[in-house]
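Each chain gets a letter, A, B, C, D, E and F, in the order it is written, and its residues are counted from 1.
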Amino acid sequence: MPFIQIDVTREGVTRAQKQALISGVTDLITEVLDKDPHLTHVVIREVEPDDWGYAGEQVSVLREKGITAQRK
Amino acid sequence: MPFIQIDVTREGVTRAQKQALISGVTDLITEVLDKDPHLTHVVIREVEPDDWGYAGEQVSVLREKGITAQRK
Amino acid sequence: MPFIQIDVTREGVTRAQKQALISGVTDLITEVLDKDPHLTHVVIREVEPDDWGYAGEQVSVLREKGITAQRK
Amino acid sequence: MPFIQIDVTREGVTRAQKQALISGVTDLITEVLDKDPHLTHVVIREVEPDDWGYAGEQVSVLREKGITAQRK
Amino acid sequence: MPFIQIDVTREGVTRAQKQALISGVTDLITEVLDKDPHLTHVVIREVEPDDWGYAGEQVSVLREKGITAQRK
Amino acid sequence: MPFIQIDVTREGVTRAQKQALISGVTDLITEVLDKDPHLTHVVIREVEPDDWGYAGEQVSVLREKGITAQRK
């Protein structure tokens, strides 16, 4: 009976990326916990950059300063 | 002090249905737990069909395949 | 595909009350939204009175002062 | 590793108010728990007045009746 | 800035399984969204079988009836 | 009608620190959004170090390695 919520900033996540997250998380749960995938639900919540704060600053402000969340 | 969150796919839930969910849940909490309704808050979160995954697939894809969530 | 979370203070909620909440909420969702109950999951989360704040005070403190959440 | 979620009705919260919430909560966590702010994330979720229920009624209905949430 | 919450019934999940979920989800987010893993937090929440309802029944009751969540 | 959830690892948070978080967050919401504090609820959720992952590792493992979350 797993339920997974993925919160992520709304910065151009595509439909294909969402599908990859949903199938990847469901596969992981199925393999690690041996759960029937028909009992696994995944919800993605995109959060506006004005509405996410990191280290005390809005992500929208961090982006205006050129600070990204990309992998180095 | 109850707080209830209802996550549901955004597929045409009407204002009247939302009101029915809110009053129904609040009545249930009041009766089962004997709580003052002025301490009970209910939040409905509608989730886009692209953002909800079931059994590893996006609900939007399931709907395109004709698979619904309706009661049999 | 509904998912419902019920947050309530841990103050002696019985197993029978939990079952009443789970069946009551599931019936409500099934009737109002016409959803297959096999797609509806409910999670009850009990929160310690030290960990719930209302109007700026811990519920444990409110209880010590004789302030309850019971219906009038 | 704190993560803070602020649910509030969508009733004209400004960008500056959001920044004040994010920096205020992060400062509070840093001071009370002595946590590195680079490990603190804050998410604000605005909820439509139709989607928030209080005492069994939609906030949108309460507002139509002239009932506000403002401090007295 | 992703935050992932995994809700699962408390039915003997081991420390190693938790580590596998955490590293697996973080790798997935890093690859699909190209995010710096130092910005990704994962929280696993184990829910007592009395507190999780599926199709209107407590999971503890389903287990007593011999109904499991295992993959077929 | 704000509801605030504070997720933090369970690493010795005291009752007084919880009270400071609850009153501090409630005051902040009251001042920034001009909300009646009787409509503001705060829930603190302590998460076991085995159940919180950061950068792909359990916090319990990070602590064993001597990596803390303390402010520098």
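Basically, a residue touches a chain if its C-beta (ideal position, glycine included) is under 8 Å from a C-beta of that chain, and two chains touch if they have at least 3 such contacts.
The structure displayed is predicted, hence computed values, not measured ones.
Set side by side, A-C and B-C show the greater C-beta contact count at B-C.
Chain pair A-D has a twin interface among D-F, A-B or D-E; that twin, with over half of the contact pairs alike by residue number, is A-B. Centroids of subunit A and subunit E (each the mean of its C-alpha atoms) stand 15 Å apart. Centroids built from CA atoms put subunit F at 21 Å from subunit A.
Rounded to a whole number, the gap between the C-alpha centres of subunit B and subunit F is 27 angstrom. Looking at subunit E, one finds that residues 1, 3, 7, 21, 25, 37, 41, 43, 52, 54 touch two or more other chains.
Considering their complex, residues 7, 47, 50-58, 61 of subunit C touch subunit F. Contact residues on subunit D toward subunit F in their complex (touch as defined above): 1-9, 13, 17, 20-21, 24-25, 28-30, 32-37, 39, 52, 54, 59, 69-72. Across the complex, subunit A meets subunit C through its residues 1, 3, 41, 43. Chain contact summary for the complex, subunit C toward subunit E: residues 15, 18-19, 21-23, 25-27, 37-38, 40-46.
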